[in-house]
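In the part that follows, the structures are each spelled out as structure tokens.
Each of the next two complexes has subunit A plus one more chain, namely subunit B in the first and subunit C in the second.
Let's turn to the complex of A and B:
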């Protein structure tokens, strides 16, 4: 299946706005025609002309640098390492944030600012035997989810009046241990809360999650992939679920979507899952009592590390704001035909 | 089917002497409880009371007893109503790995033997057991309750590994909470055995009587008890429609699908807010209330633990 979903340099930099939250806008906006040249040419190693412009050169005259690159190889963009290179060279729009970032003391290794997520990609319908499948990546964290179901019968202990969901988590390396069992349980309970369980009683839907790459924020990536895979399989859902990872540093500042290295440096990090829908099947009596809109409730929260109470609620607020952007991305990629 | 018949039979036997009308009514209540658990439960909620007549925000009676397992270095028995947990710690000497040569380690394992619940079968262990083990070890590490450097004996050559085993003897809801209290109690009771270096350079434990006879016991002489800082305490609340139920029993857990477990430590920090899915969404107001309830509960548990520690010390001295 395609390694990278058609990123064109031109689109990437022109579509970038400079708000606080930046997603890689490339995937859903591209017309399908532009994908053909990428698929046909084989990936080639990066050539010297691309590496030589120093970062200061790029900042001084960014537009010239861009045109140069565009000329050199549109077809070579399919190489993942080049993409990583492009992302690390600070694009012009981050310049203004850079000063602010240094002031905050929050210098992230890959040049993102505190509110910036890694490039998201989502592709569906990759596996042809599975009833639904999706591949979700956030930077180097890549998860592949496959859905089989509904199949007849439930397991012995489960309620036959409802559909049941079974999750199998396959790590990238190593044996299955307690960590995988915990992920399975969290994923199962999260998916159970978004599926319409009464529409297919006495059936089992299996969700198999395969970790392809792990660079921090693994559980949210898996939840997003499973949600997209369920949609791809056509399982009836009450609403979508969007998941995000937030990290809290000792100084109290919140960063979004930390990498593995960043997670270890943080005082605490947490995985949050929010519901998302313009219209939803609301559980009765839930939103009437609260002044908060539906999207502000948490479906799932898993935290690691001790933090002050205020820090937790700060992270919740940031997570909510970010979830709006991720759900926008999810909807756009689900609406476009599966790549 | 079998349970409802049994419920009916029980009702009949109990009300055998009470006359015909009484017997029929008892049978109906028990049968209704088994056949329509959600409706039965909600009838109670409307009167703001729970199935065991507790108010919504009150936890069950808790008791902690220390030192019940004689062969272990530290042990505790905790009861939350009917939920019973036994925790035992055994210390062994190990060679620490190169990257953490001045630290010991803690290995937590949570067992649910078939005795604890009718749903647990002998062959396959309960699904929830490895998850609770992992959660417990995460909380112990996150809260910093134990400083691993305290478990070091000789830097680079020997350190303690604490095998913490928790057995659930009766699973009646709030398993994680009871397990955490039993962990804390067992570490409070823990007495590190004396060690000395034998002739061939190995570190061996010295039983109490031989204290004067062997070579100088290590650092140990004055370091028999582990210093616990930032002790974590937890509270599980069930969310059902707009009600928050504190410390659910197993019957309530089978009806309620949504739980929030809040773990706080003595400094008032939030060690963990764990909400694994569930159809009821947790808004900020609900979370704030759960944290407030957890603070109250942490204070209660701390008092109970301190009482049992002082009771144990009185026993030892007398």
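Let's turn to the complex of A and C:
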């Protein structure tokens, strides 16, 4: 019985509803174009290809899957040397949770631990014609944001007593489709909540986002870039917005700032936007109207995939802790003179 | 996080609370650009340095490419359209500004000036709030012309508002002083980030414009050195 290609076998058997399956029954949704042909009729499960889409939830033995992944990735670093890494790397790209890490015992492909973000860079005032511009990169994900405005006049449907914000998302390649429209809508709503809309009524501010590189965590990178560009343009803001992406694996462990490969393997991931932590000259212990500190608010939350409620709140806590570090980085980069 | 007691002369970002009004009773505080009142606190809207002019004036100093119109600012505008009652002038702000047709020295219905579209005008902002279009005037408060009006010849270029403020600061900014020692030229600086330069020969105009454009992020001595280098190349 010749075995030609993984896909055709799968289709053929599901069509015939054969009782005995050659394939591993716990890998139901194979990728359509699978380059890897299956070995001839093994009862044991074949090794899943490394870049399979998020079907990890269906695997019979999840920890075994993770172990296999570890073999391919860099060799496991002992806890002691990881401790050494902590002190070397600069503070804003490193957060660590020792107990959590030992419990998870998961290594990521690029050697980061679960709470570690990729190196951040932010540069402002790059574009000559734009009134404000910023370029934000997290590892290989690079986004360039340009702000024009405020310009006179709003679009027909919008409230003339407020400023309106229009967002144009330009992908790196390809035509503009539904995904881009969704990003535009999310970005517009997020920016509307941080801008002071009543300070320039009946004007339009345009934010144009150009994706330069996409390696996971694209929407948070774009939100950070747009916020920095708005500050560069001098648009009045209530506070800054800091965005982060968290991935939730099926074991319940949370990783921050996943790459594209990691995002596809995760059971669920979410984009979270928090307000930044402000400096205040309020006296210590002043019981203002807010019972909770300002940073406990949340501006936007976009989730992909199904996750348990506990997992969602877990991600929220981790994301909030990480947003403090990003907010500090944003503050320092805004204080440097742009040139 | 340690709470700073005083943020004056320190860099702030939007959202920072710079003043707590509950501790200051019976005081009048004047707020300038970039600050807003939020119940009992004053917080920043823009990123920049917080400045205080004693006794009670606070503002945020920042430099942008766009201009926020303020009363009594002198700006350089470009005529965009003409209407029976006023000229529509672009001053790099969120709205177009109106320059009334009669707002010139000795202006009556009989001698209305004729400006083409694209004329550069040096004017003073008379009314400015966020809701309405700002209003300009080509006379000073006493009704005299005082150098306001259209600017002919020369070359206009755009800068940031921070550089325009530096050029207008007193004592005179080092780059203009150094240029003035060797060359003769005239400039008009608009607080909205436009600078007009006129000199006897085009090469002088280019030299002065380049010197001004490059001086934004240089210190005083660096500006003088840069001007000297440009002069050496000319001779």
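Keep this in mind: the second predicted complex is superposed on the first by the 220 of 339 C-alpha atoms of A that agree within 3 Å, B and C clash if a C-alpha of one lies under 4 Å from a C-alpha of the other, contacts with A are read in each partner's own complex, and residues count from 1 in each chain.
Criterion: a contact is a pair of C-beta atoms (placed from the backbone, for glycine too) under 8 Å apart; a residue touches a chain by one contact, two chains touch by 3 or more.
Everything numeric in this text was worked out from a predicted model, so none of it was measured.
Undergrad: So, does A:237 touch the first partner subunit B, the second partner subunit C, both, or neither?
TA: Touch partner of A:237: subunit C, not subunit B.
Undergrad: Looking at the overlay, what does A:131 touch: subunit B (first), subunit C (second), both, or neither?
TA: In the superposition, A:131 contacts subunit C only.
Undergrad: With both complexes overlaid on chain A, does A:203 touch subunit B (first), subunit C (second), both or neither?
TA: After superposition on chain A, A:203 lies in contact with subunit C alone.
Undergrad: Is A:299 in contact with subunit B, with subunit C, with both, or with neither (first, second, both, neither)?
TA: In the superposition, A:299 contacts subunit B only.
Undergrad: Applying the document's definition of touch, where does A:212 land relative to subunit B and subunit C: first, second, both, or neither?
TA: A:212 contacts neither subunit B nor subunit C.
Undergrad: For A:312, is the partner it touches subunit B (first), subunit C (second), both, or none of the two (neither)?
TA: In the superposed model, A:312 contacts subunit B only, not subunit C.
Undergrad: Looking at the overlay, what does A:275 touch: subunit B (first), subunit C (second), both, or neither?
TA: both
Undergrad: Touching A:168 in the superposition: subunit B (first), subunit C (second), both, neither?
TA: A:168 sits against neither subunit B nor subunit C.
Undergrad: For A:321 in the superposed arrangement: first (subunit B), second (subunit C), both or neither?
TA: neither
Undergrad: Which residues would you name on subunit A as touching subunit B in one complex and subunit C in the other?
TA: Overlap of subunit B and subunit C footprints on subunit A: residues 275, 283-284, 286.
Undergrad: Enumerate the contact residues on subunit C facing subunit A in the complex.
TA: Going through subunit C, the ones touching subunit A are 1, 3-7, 11-20, 22-23, 34, 36, 41, 43, 45-47, 62, 64-66, 68, 94-96, 130-131, 217.
Undergrad: Which residues of subunit B touch subunit A in their complex?
TA: By the definition above, subunit B touches subunit A via 119, 127-128, 130-131, 133-135, 138, 142-144, 230, 241-242, 257-258, 265, 268-285, 287, 291.
Undergrad: Mind pulling up the subunit A residues that touch subunit B in the complex?
TA: Against subunit B, subunit A makes touches at 157, 177-179, 181-182, 185-186, 188-193, 268, 270, 273, 275, 283-286, 289-290, 292, 294, 296-309, 311-313, 316.
Undergrad: Show me the residue ranges of subunit A that touch subunit C in the complex, using the header's touch definition.
TA: Contact set of subunit A toward subunit C: 131-132, 149-152, 196, 199-203, 231-234, 236-240, 275-284, 286, 330-331, 334-335, 337, 339.
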